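Everything on this sheet refers to the single structure shown next.
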């Protein structure tokens, strides 16, 4: 189902995509799985509807950023630009909330039920970043 | 209505103020001007260095959003995605702070010196949006 | 063990009350329990150390707010007051993060293990409020 | 009008209150003035109505913090406590916005009109702190 391939990501992230065959909790929809023996990237398979909803949000946000760039290019007034940036921030926040809720309802819940306490520590660390 | 004159601004900005007649972008450097006869869009001409710096930041942010989209496409783990989104939020915040500082140092300061109190009200309204 | 009944709580939250055995705070360390016989309030017994740490943080924050009030009373400069308020906001955020982490590690984890999915929905709703 | 007195503030701030006699922009309502020869504390005289409104907001916030402390003392449920803390954060944010707007409308505007550019730099620094 998933071919092993290495994709070099932006920001110096090495993205390793791999088959999760034997992985605990894997092979199923909305499961969490660890990376393969390369070991450095985790994946989570989302159902089509969720994935599509996330992609749609991101495409819209990307369009909004391009829109801001066009505004700067066009020498638009600072206040109008800043107002649009604040709309992007709200949109990213909406994306975060949706993905975070799915994460808690699937990955975290599943890990807790399986007695994997690390998921809880990881969530708390993540929330510290998100609640600046 | 507005005479062409040169004002040397803070932080090495050459502020050239000029008649905004011809529109759009009003032909002058870093002035603030109301919309043209179409009337619905305000412009501010920024010096090349500032404009380039803003464009560079925005291109980087656009790349980051595309990176998130690739992560979702690639079924990457929620926590890794959310961590990257939080980096974008920090980058947008940095963009906001830079543009806002320039706005206050040029547009708002100039308007206050000219007795245009609306600029102050507008700034306060903007800050309410930015300080959610 | 738990009888379901509905009590309308503060802030229009529907609280489902159930018997917690010994009450109040249900006798166990760091457990979550529904309200006592008064019926409209949920409790959670925290261990002494955690409770003391939370109280200490709050006393300090209360002192900081009083300090701000003294500054206003004393006609102190706006920027100095605002800087102190931003310190309080950081302190409240720290309090939130600590309490939230404990909540997830105890209440939410426990509820998930017991198959109580409402705890997860409640957490997601809470995070939406905290991640404005 | 103002007696010299020393108040030892929280967080190791030495608060020196003093007559602003010769100060530029002083002696008037809603002016900004530098500290006296002790030099380390700035004051701003606010009109009675503004001062009272700020004090009222702060008293209410102080009461809210005490309320949270009572909730922790009473072993109240985490989510209910966190919801109340989020209300305090909104109230502090409201206080900030009000004080900041007054600051810009009086101190900053006045300083700009008097050619004091430091006020602008100071405002930009402050906004960086407030727009975390």
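Some notes on this structure:
Order of writing sets the chain letters: A, B, C and D. Residues in each chain are counted from 1.
The working rule: a residue touches a chain if its C-beta (ideal position, glycine included) is under 8 Å from a C-beta of that chain, and two chains touch if they have at least 3 such contacts.
Here the structure is a predicted model, which means the values were calculated and not measured.
Between chain B and chain C, the least number of touching-chain steps is 2. Chain A and chain C, compared by their mean Cα positions, are separated by 28 Å.
Multi-chain contact residues of chain D (touching two or more other chains): 93, 96, 100, 123, 130, 132. Taken as a contact graph, the chains are arranged in a single closed ring, with each chain touching exactly two others. Applying the touch definition to every pair of chains gives A-B, A-C, B-D, C-D. Within the complex formed with chain D, the chain B residues making contact are 10, 93, 96-97, 100-101, 104-105, 109, 112-113, 117, 120, 123-124, 127-128, 130-132. Within the complex formed with chain D, the residues of chain C that make contact are 9-11, 13, 24-25, 32, 41-46, 51, 54-55, 58-59, 61-89, 92-93, 95-96, 99-100, 102-103, 107, 122-123, 126, 129-130, 132.
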